[in-house]
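Following this line, the structures themselves.
Look at the two complexes coming up: chain A is in both, with chain B in one and chain C in the other.
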Partner chain A sequence: MQSTQINIENSSNIEGLNEVENKPKKKLSYTKWGYIFIASFFVIYLIFTLVPQLLTIYDSFFDYDPFSGILVTDAHPEFCGFLNYQRLFQENALGVIEIYQTIGNTLIMWIIGAIPQMVIALILALIFTSTRLKLKGTGFFKTAFYMPNLIMASAFSALFLMLFSQIGPIYTLFKDMGWIPEHFDFVVNKTSARLMVAFLNFIMWFGNTTILLMAGIQSIDESIFESARIDGASTRRVLFDMTLPLLKPIVVYVLITSMIGGLQMFDVPQVLTNKAKNSGTRTIIMLLNDYLNMKNYGRAGAISVILFIITAVLSIFVFKTINKKEDR
Partner chain B sequence: MKKKILCLAAVAAVGLAAGASLTSCSKKEIFHIYAWNTEFQGYFNKYVSDEKNNDDSNAVHHLNGVEVKWTITPSDNGAYQKALDEALANNESFSEDEKVDMFLAEADYILKYVNSDATLDVKTAYGVNDFSQAYKYTVDQVTDTSGVVKGASFQCCPAGLIYRRSIAKAVLGTDDPTEVQKHVATWEKYNETADLMAAAGNKMTASFADTYRVYSNNAASPWVKDNKLEVPAFVNTWMDQAKDQLDKGETTTYGVWDGEKSAEFKKTGKTFCTFGPAWYYNFCMGPAMGNGTASTAPDETKDNYSPDHTWGDWAVVKGPQAYFWGGTWLLGAKGGNNTDLVGKTMNAFLKDEEILKKLVVDDGQFSNNKKVNGAVATENETQKKGNGFLGGQNDTKIWVDMADSIVVKNNTIYDQLCNEGIQTAFGKFLKGELDSKEKVLPEFYADIARSYPTLVIPSSK
Partner chain C sequence: MADKSKLYESVDSSESRKALIKLIVVKTLCYLFLIFLTFMSFFFFYLLFINTTRSNNQLQDGGLVLIPSDSFFENLHNLFTSFRGEFNAVIGLKNSLIVALGSSLLTCYFSALTAYGIWAYDFKLKKAAEIFILAIMMIPSQLSSVGFYQIAIKYGFRNKLWLLIIPSIAAPATFFYMIQYLRSTVSKELIEASRMDGSNEFMTFNRIVLPIMKPALAVQFIFSFVGSWNNLYMPSLLLSNKDKKTLPIMINALSSTSWGSKDLGCIYMAIFLSIIPVVIVYIFLSRFIIKGVTAGSVKG
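What follows is the complex of A and B.
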């Protein structure tokens, strides 16, 4: 510090600039660069995320006409208060409240896909990181498990659509074996369609979860395991009393991201079952998309707001539960 | 270091060049057409474009030297209408190469565009005035409420029953159209024939919805009246017949456009008939066509040849009820620049006799020009020739006899989603997903209510 001061004094003396001496001491600060570098994120977030989000909320209070822009050119959407929200909770001709039905569908398909995904990913992660087994060629397996994630969800679904279509190989096999009733259609039947969606999501995401969990396990200090082994702890004990509790933050992280992703489930069921108009696999985003397709931005906006609230509540809830346990 | 700078400079130069070519691109004139499939694109390329062919050799086609750009959006679930609505609403503010000049529309939703300000009077805007040879219904369909004509059709679509000759011969003992017509002249006769087909191990149709259009385009009432959804009476008749035929094994649960259905038109298929107009041969019966056309037999030497084709094994008759199906109209978009090209295209398909004759003879289509159709029908009659796909039958004559009586009635702007929706809902029942027929209509109502929230939907409970 001192040497800098001296340098400044020296330089000012040399150049003979007296004003410099009156100036306050110069302090070096790099904070502004930090702000500048992170500003790009905030600017982009503001323009492309926050503003559209606020507009969505605004739109949800207006009544849009399906023929606006073409037949109805001069009419502006009318302000309608909470009418869009109210109508979302009305029964349709089948006596079903579609928003509950779609949220239910989303959750069911997420759960039947996510539970096996977590369990299998955990088993695989444990096997691959086990210092006892010392598996060879884990790199190959990791790549192979991750592969399905690289294929576009829509392409994957289209492939399944063909495999299970009424002239597809799987349909023909099932029919010849007498496993399915006459006129059965995999994408029209509620149960089979849900299972297909869940299975596709499982195949696509279990590799990703495995890699995340492996990273989590590997980040645990190896010496803890060693000392446990020296103390004579069984593999089972090490697993349940050490690995799993220490892995909890990663598991929770995986769970939250999977749940938020699950709530926004769209591409797989859309490609697979939208043409069949299967009401058992219509997810909340598909309902939103149906409204968007008919330019009903009000109703779609209302769904977005509800979905936002659900996601926020769930995330807060999950965060709270981890933090509480970690404090103990 | 020097190398790095050189590299950077090179990259920057490439970037600049790319930027420059982009800006010059956007100034280029482009004839932009919106469509929901490539059917018309094929005829346009072949007959109107500067290149005059539809080969893959041309990446882009031109008209009067102007590049032609096609934006194709499939029409399922109203997706084409949505894309078109967005484009037309903003057409005037689009950049030159984005502006829509012309778009295609079909009867199910055309009224929406005809009665909107987004389309122009073809007479004043494009110089299309001669409708003297066009069929009346094709003009009525694009005439707005104040009497202004907003478009032109390139085809006329009377439709009939298309049957497989070999199956007719085996089961009915004849493949002669006049004789076969007697077996399907009324719905009672049609049902009896269906029973005969099933008894012989065949199916009557390959889709439960094949008969749908025969009923729907003869509907006695519209889908929507005074903003109220009212299911026309034909729906019940159609559903009862289709369910009965499915139970007897005379038809399938495949949809009208499904690949499963068109696979039935192959040599191995056991389906006796289907319903459709002239565009149906090329567009829906691909596996039957092989790589042949109306005037040329399938060619074994070409790559796309398949020995499964049934070219020549078909014929067409009027069937139980005369009807028409589909049709593609060309409409000009407000805000588009290339009015001369729009006019040229429309006029070519309305009155260029040379082009239209090829369209009828080579492609087996039925043009929107009475004179050309009549001439081909007579010429075929005197020279004893006809459509090769139909075993040399003079189908043009059948269409000529039916075309004049086509009347458009009971059209609404809601038709596309209603027609699609009722077929999907009923299909769900046939596939066992809805446990009773009574649930078909509520299922359909729920679907329509999502799409058109302002419509009054009948209470079903």
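What follows is the complex of A and C.
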């Protein structure tokens, strides 16, 4: 809160100075409007985002469960240094290191979904933009592939939960085909639950990735392809020696932003597997959510800080790839 | 393959014919692939629709059925009247609509305002402000949730819908889209002209600039509306009161491990009801939305 006041004071000082100095020139007196127009954004950001973020970091150094019990809503939590962080990296009562387990789950499910998504989106983007194939109806296909991205993730997951439940149609299909053993439960089994989460993420995001990659391909200067063709380069060589290397920055960008999004995976595994208490699909945000509901702000804060550090490192990579793209 | 090419060597057009056949084969494979993916994108929603038309008794029997039955309106009626569960369609739709409309309107207006402030005026912190907004764009909103939740509880702000609406004023990704739009399509001479006419700065923004930004505003309105409509994490932390819950929270509460005692027709209908508004909007505005994806997709 203090920083808000300082900012506002500073800006009003600057406005004041400019007004006094440049009074004869009417043009520069508009300066203050710049500050007025952007003020609401920064005030709201400070109150509703920055202050809570700082409080989260502050919380992470305080002990909200001094007897390592679970539900302690102590009004006067004690400063405890890095204890919350240490505890996260220690085994819990079940002999599990929760932070490794949840980060591991999140990454596994992200990878199973993201790799096929990237490959298929790349193929789609290439055939959609190919001047040789001249496919018809690309507009329709793009529209169809993007649609799942806008569907409420929790509703989509609830639908899957029901379709794959023991009385659901997909379950019946799998059973009739003899693909699954008797009394198989899709959301209890670790592997099938993870595959379902990954598959849902794939369905929801491959259209979006395709559109991004298409924009990347279309931004490549068409003339270099023409000159390559005139020089007699084969389609395959143009693809592997020109298109793909030129696309590398945008592929890296899409992958890392997808990973940042993937680390925040919550809705799908929550709705799909939370009731089944599946430990193989518990993600880092689900862990955070559980600690928050127990009002253990210390442990929840520590998880947030760890997640923040991972995200920050990934974001730096993103900015680097964007800058490289601009250099080109 | 080698023998065949020798056979056709004598024919003049053999090379081009071969290329043509190859092209046709590749094209066919492409279309098959596209049709398969389209099938995958729609299949589950088709099943959803089919199951909303089937009665609970039919659904409890299980089995894969692909033909609609006749219980659609019965399920709809039951969901609104007799359904015993956490799902209250009227309250859910109302709250979701309030939060989604409120936050997307605020996001659009204030992002445009902030972008305009940085684009149109010269001031000392102009560059710093823009870099700051770009830098915070990548920070996931969940990171503030611990502090946010704590403050909300401390000051008794739980179950207040405005708490989910007001923070939308600061939307870095939307700001980024708006400032790029201003830079690429709006001319600063316009502002000068409007000043000459004696318009004050707010009037210039509201009456001259905002109308020009309509296409950008529409795209961002859709994205932020959908984002808010579908959001589960923050609302589920803050809204515990039965009368304040939004649709995703109610959907999450439907999730179960035993379905035998539930009215499945109603549950399918609840899911259907939650996604259908977005699907309808998408059917009408898809071309528009897809154009906006490229610029507004930093959300992850």
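Rule of thumb we're sticking to: the second predicted complex is superposed on the first by the 255 of 328 C-alpha atoms of A that agree within 3 Å, B and C clash if a C-alpha of one lies under 4 Å from a C-alpha of the other, contacts with A are read in each partner's own complex, and residues count from 1 in each chain.
Keep in mind that, in the parts below, a residue touches a chain if its C-beta (ideal position, glycine included) is under 8 Å from a C-beta of that chain, and two chains touch if they have at least 3 such contacts.
In this text the structure is predicted, and so the values were computed from the model without any measurement.
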Fit or clash between chain C and chain B when superposed on chain A: clash
Touched partner set for A:165, first chain B, second chain C, both or neither: both
Which of chain B and chain C A:315 touches, first, second, both or neither: second
Contacts of A:276 with chain B and chain C, given as first, second, both or neither: both
Partner chain(s) touched by A:44 [first = chain B, second = chain C, both, neither]: second
Contacts of A:81 with chain B and chain C, given as first, second, both or neither: neither
Touched partner set for A:249, first chain B, second chain C, both or neither: neither
Partner touching more residues of chain A, whether chain B or chain C: C
Partner chain in contact with A:93 - chain B first, chain C second, else both or neither: first
Of the stretches 259-267, 331-339 or 403-411 belonging to chain B, the one that collides with chain C: 259-267
Set of chain A residues, in rising order, touched by both chain B and chain C: 165-167, 274-276, 293
Complex contacts: residues of chain A adjacent to chain B: 65-67, 69-71, 73, 87, 92-96, 98, 165-167, 181, 183-185, 188-190, 274-279, 287, 290-291, 293-296, 299
Residues of chain B touching chain A in the complex: 76-79, 82, 85-86, 88-89, 112-113, 115-118, 246, 253-254, 258-260, 263, 413, 421, 424-425, 427-428, 430-433, 439, 441-443, 445-447, 449-454, 457, 459-461
Complex contact set, residues of chain A against chain C: 11, 14-15, 18, 28, 30-38, 40-42, 44-45, 48-56, 58-59, 120, 123-124, 127, 132-133, 135, 137, 139, 141-148, 150-163, 165-173, 187, 203, 206-208, 211-212, 215, 257-258, 260-264, 266-267, 270-272, 274-276, 285, 288-289, 292-293, 297, 300-301, 304, 307-308, 311-312, 315, 318
Chain A-touching residues of chain C, taken from the complex the two chains share: 23, 26-27, 30-31, 33-34, 37-38, 40-42, 44-45, 47-48, 51, 59-65, 110-111, 113-114, 116-118, 120-126, 129, 133, 136, 138-151, 166-167, 169-170, 175, 201, 205, 226, 229-230, 232-233, 237, 247-248, 251-252, 254-257, 259-260, 264, 267-268, 271, 274-275, 278-279, 282, 286-287, 289-290, 293-294, 297-300
